[in-house]
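Each of the next two complexes has subunit A plus one other chain: subunit B in the first, subunit C in the second.
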Partner chain A sequence: MSTTKKYSTVASALRSFVALVAVLSLVVCVVGPTPEARALTVDKTTAQPNQSDGNQIIGGVPTRITWEATVGDDEEIKEIHLVFPAGTTLGEGANTKATVLDGLARLETPQENTITDEGTVIDFAEPVASGLLIRVEIFYVALPAESGHYTLTGRYVDGEGTERELEESPAIAVISVTVVESITQWLDEQPWVEWWNSQLFLRVFFNPQLIVASVPTLFQGWLRSLGLVLVGFPLAIPIGLAVSFLRMARFRIVRFFASIYVNVIRGTPLFLQIYIAFFGLPFLGVSIDSYLLGILVLAMNSSAYLAEIFRAGIQSIHKGQFEASASLGMNAVQTMFSVILPQTVRRVIPTATSEFILLYKDTSLLAAVGVMEQMMFAKSMVASSGNMTPYIVAAGYYLLVTLPLTKIIGSFEKKLAAAEGHSSEPPDKKKKRKRLQKTEDAPSDSFAPPHDNFRRGNGLMGPKI
Partner chain B sequence: MSKSNKLFSLIAGLVLAMSLLLTGCGGGGGSTTGNAAADSGSGAAAPAASEIRTVTPGVLTVGSDCDYPPFIEMNGEQPQGFEYDLLSAIATEMGYELEYLPPQNFDTLLASVASETKMDVGCSSFTITDDRKKLIDFCTPYFDSNQAVVALIDSSYTSAMDFNGKVVGAQSGTTGADWVRENLTDSGTTLKEYNQTSEVMAALVAGDIEGAFYDEPVAAEWASTLYTNTHIVESIPTGEQYGFAVSKGNPELLEAINDTLVIIKNNGTFDRIFLSYFPDLTPPSLGANG
Partner chain C sequence: MSDHHEVTDKAVVRIQNLHKYFGSLEVLKGVDLEVRRGEVVTILGPSGSGKSTLLRCINLLEKPTGGEIWFEDTCITDPNTNINEVREHVGMVFQSFNLFPHLSAKKNVMLAQRKVLKRSNEEAERIALEQLAKVGLSDRSEYMPSQLSGGQQQRVAIARALAMDPHVMLFDEATSALDPELVRGVLDVMRELAEGGMTMIVVTHEMGFARDVADRAVFMDEGIIVEQGLPEEVFDNPRHARTRDFLGHII
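Coming up: the complex of A and B.
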């Protein structure tokens, strides 16, 4: 019992001694280097992201390194020798530029710079005075291909000609070459790619390297666009149905307000509605997440079109159905939900699907207000590459959804026509549809898409599919 | 078949009508500064107008996004600002008429200049960078600039790095957007890019973004005029320099602009224009271009 107690006191004494030593050594560590004041303090070191499908720095691919340091009190800097991490290579046109700033004022600083695989030397014609910021940009250097954290080291020469070590720079995180990047590099070396890219049209619109880079990046954008419409459209359906009921209400005043809703929304561009929602709501102190707000605007817009589609669908059901239901003793609600709507659903599916397609394409308008979606991803890739290829790839992604849906609509319409007892022979059908599109108000017993003329006039929308 | 033909002719007609409209607008907007070179006495070194190829002979056609005061902005239908006055002086000295095209998105301007089909000069406070120099040429730098991050006055940010991991905005294709990508490397950082800097500011005021990154002189101008509920959180010294963009295929025009810059520097026109916008700054020497 006592022995264990003794042991424990010894142990605790030992522990506190260890702790004391640790604290002391820490103090020494912190205090240690300060007596020797640095003549040149490295503030930051960064590299420009060079990943074509992301924001990271890839080893083995040229980038621009920015290294900043401040000249200490009563010191002058004559030369800076920066040493690159081992394995660094130079890209085409590699060079070094040093900018000297006094606060925000840029100073003219004649300099002679050299650059090799090992490092770069900046030789100032006049020593850089104390308190100034030296900003060194090293263009088109490729950091080592292996992933890791790399720092710049080196030395500098002060005003008196004394050479001193530079403190190690902050580390730059480098990732190893990605699949996309290695395919791009492989493409760079292919003779057919070289020929392909020598043709202006092919280079600007179908650049193979950029196709490879944009497919994975734009996939994220595609998912986000799809998300917008997959949430927005189902949200629009109940609103649209409710509005269509209001449009057919018994009271004139209700019909009046419902028609105002429908006509204002269908009579103004979606683009304008988006701007009002995104830049107007904040003035009222309403702050909604932009992705959510995007969904809401799309749903509101689509609900007006759907309301008209549903109304036309409901009114296309023959009067006899209402009368038959009434004779069976059904009330209005029962009639609507168990007799009329089930028949309507089948009739509106093709038009509602083309409304879905329109809405899906219209998600692109949200790019203008900073919602991250397909168009935004494509736009930012085009801006950074100066090439149209990402737009073409984005077009491909849009078609990936719209083409199959168009096909489905076509086959559904054919089936519908057959089921409703119309002639399903193609030439006849074509003629009939053309005639219907021309007349503004379709006869109530035949069904025509009511939204066509409105959307055309909007100017921003693509042609109806 | 006939349907697609109809569509094609419709598109063709539309494009034609649009281009007519565009040229019409441009012609009306810009011909206010036309002046003969012979008027200016110091025009000895200015190259003759006929030697230089421009989109419209005798006219310097300029593209800009016109949304960057005090450098370039729209005053109704007419552009104004330091860069406009500077280009007007250059055009006058060269004996050219100056014509600004309707504002165009910043991130499309350099490609438009390079294609040589629409405009001769890109004027939108372009920072001269090596990457851009691969696409087009720049004239002698005429202004030193820096980056800044702007936030609402009642926000608690104190430095640019405070925005690491936050939702920030910048104009698409600018060095501000590049700065964010390079420096705010936290995985939580979201960069929203907008077509216009005024849209970035609208998003900031709306609370869509926490901070806006763009050039310091414009940030200072707007914080004191249009967006008084915003302030510069931190000015970021980057030592950028502005240059007008000219196609690589038109070195004669570049040379003429650079020569003219030296002429108007020597006769005091440049300093007068510079100091009327920036009385506290020292005009650049416009001498040797590094």
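Coming up: the complex of A and C.
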């Protein structure tokens, strides 16, 4: 605990120091005298991105730092001392290598280098002549784990043996190491992971490091896919219900148009519908947010399926229910909402939940038109990693929703069968009793096949909506 | 003979020359029937003779093809009549009970009171419990239909119809779906109802009930009323061969 505290104090002190230096150098730049020609001008300082699925530099994880400087006119350089920012650590096999370049030509430069976690020293056997570029590469060095901008400082020794301060080098932006990165790093060092990844199949589909990296990234996609279906599906319910009413309407023409809606949507691929909506609407000058449009297309598609589910559900309700309601003087709307729909809901929950699952899986089709959802996230991770593992993780996320729902459907169906089979017993008394099996028109418990006698015939009992 | 309740002169249901076709099948071939306030009429006849169809025409569950039906001062076959208003006053009990399976016994009795008669929740509940008590089911008011025996379900169905304060009750083979030991309870309720002065049209195969409770027995065959009269006359001295045939088979 105390070490962490001390560490963060040091880090924050360092950060304010860096800030101070930055401000001071700015002041120097603006108001100070123009700096005299230097013996060594720092050209660049960079670090190689070491993020597993990105292009940033993370602290605490070994990287390669490249530092370049040009030797000034009439100067020679014998030694360079680079000082690492506090908190820098060395990875295994850390070393420093300097290359001297004359234009594009690489010059033979014997050198003797040392490296510690404080810094590195490059000692050239022969002084490096003026006008040459010195490129120092420091391998397997880990910048501080705390995020921030870090600079290399130091000194150099010129041809005359004078030691001079190095000018401030450009800062390297470092982001702090995340849980994922530290786990990934830990995995990198495990022998079993090494063995695992030496198996082609396991490496390509079940790469442990990529699993760890995919889980948090794809979580974003998972949320977005869930969002699509959690908004789209509830939207589809009232539309589907309305269409199912129209499908059973008294007027032929209304039924006709409702059936066209249902049959066209169910008879064409959702993929095609998505294309028509996403590429067709812009032609009409309509521009809708693609996520919203995705929801609308999904809702419309699902409403056609739900309409049929609801219709079958309503028509599976025994006609005696309509007659009993009618005989009590209830009108069509009262009958529908107080008697028929409450019974229908319980019957359609399993099929409607299956439809929910289908729709949830179908959100993936929206990847084709660039809606950010699970597939898009997985695809881009696969593209950047060249590995199938993110797809496997995406599959896991889909199953996370679909498997429990499938299980729920199963148990609900069982419960429903028990309830509709009249097998439940009175709250207080257990008593054997018979069902009305002798009745020729005993209420049907079966969901299918739906009979539609309330639409045909006298038209008195059917929903008149 | 039932002299325990009063039959008035006022007609509650009047059927004139009623015809009903199902497609090309003529099921009712000109039926005339008048039922007066307080009267208990039982309709007998072989299967397929059109008894149910006749009963269902009275509250327009079936739409008559021809003829007229009057309920009190309303011609219900007039297309301008709001049939739901008529149905409020015409109770019907079905062979298959047709309770609402998602509602408890009490809620079954309350629903139409609330929706159709717009009674307050408290009033509907009070009346529901009253009616359930009348059919002997006070202790079953919170049960779901699936937890009740057929006989109990049918009694709830009767309570449900009675809660609407009907002017006439139609019974279509109310006991045919029941196990023999459960029939009695339902018949007792119907008998009490008759004694209480309810106007009733009862399609039944229960000859004992028809004979004891009814003021009039109507025998139907092949879509017409073959003969009608006091139950003991029809049962003991049938004038028509078809009636004799039918009764011979049953009794």
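Here is the rule we use: the second predicted complex is superposed on the first by the 254 of 465 C-alpha atoms of A that agree within 3 Å, B and C clash if a C-alpha of one lies under 4 Å from a C-alpha of the other, contacts with A are read in each partner's own complex, and residues count from 1 in each chain.
FYI, a residue touches a chain if its C-beta (ideal position, glycine included) is under 8 Å from a C-beta of that chain, and two chains touch if they have at least 3 such contacts.
Because the structure is a prediction, the values reported are computed rather than measured.
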| item | value |
| --- | --- |
| Subunit B versus subunit C as contact partner of A:Ala173, first or second or both or neither | first |
| Partner chain(s) touched by A:Gly161 [first = subunit B, second = subunit C, both, neither] | neither |
| First (subunit B), second (subunit C), both or neither touched by A:Gln321 | second |
| Which superposed partner A:Asn331 touches (first subunit B, second subunit C, both, neither) | second |
| Partner chain(s) touched by A:Arg346 [first = subunit B, second = subunit C, both, neither] | second |
| Residues on subunit A engaged by subunit C in the complex (per definition of touch) | 318, 320-321, 323-331, 334, 338-339, 342-343, 346, 419-420, 422-427, 433-436, 438-439, 441-443, 458, 460-461 |
| List of subunit B residues in touch with subunit A within their complex | 7, 107, 110-111, 114, 130-131, 135, 144, 146, 169, 172-173, 178, 181-183, 185, 190, 192-195, 199, 202-203, 205-209, 216, 235, 237-239, 241, 285 |
| Footprint of subunit B on subunit A - complex, ascending | 44, 46-49, 55, 64, 66, 93, 95, 99-101, 103-106, 108, 133, 135, 139-140, 173, 278-279, 281-283, 287, 290, 368-370, 372, 376, 379-380, 382-384, 386, 463 |
| Subunit C residues within the subunit A interface of the complex | 59-63, 83-88, 90-92, 94-102, 111-112, 115-116, 142-144, 146-150, 157, 160-161, 164, 176-179 |
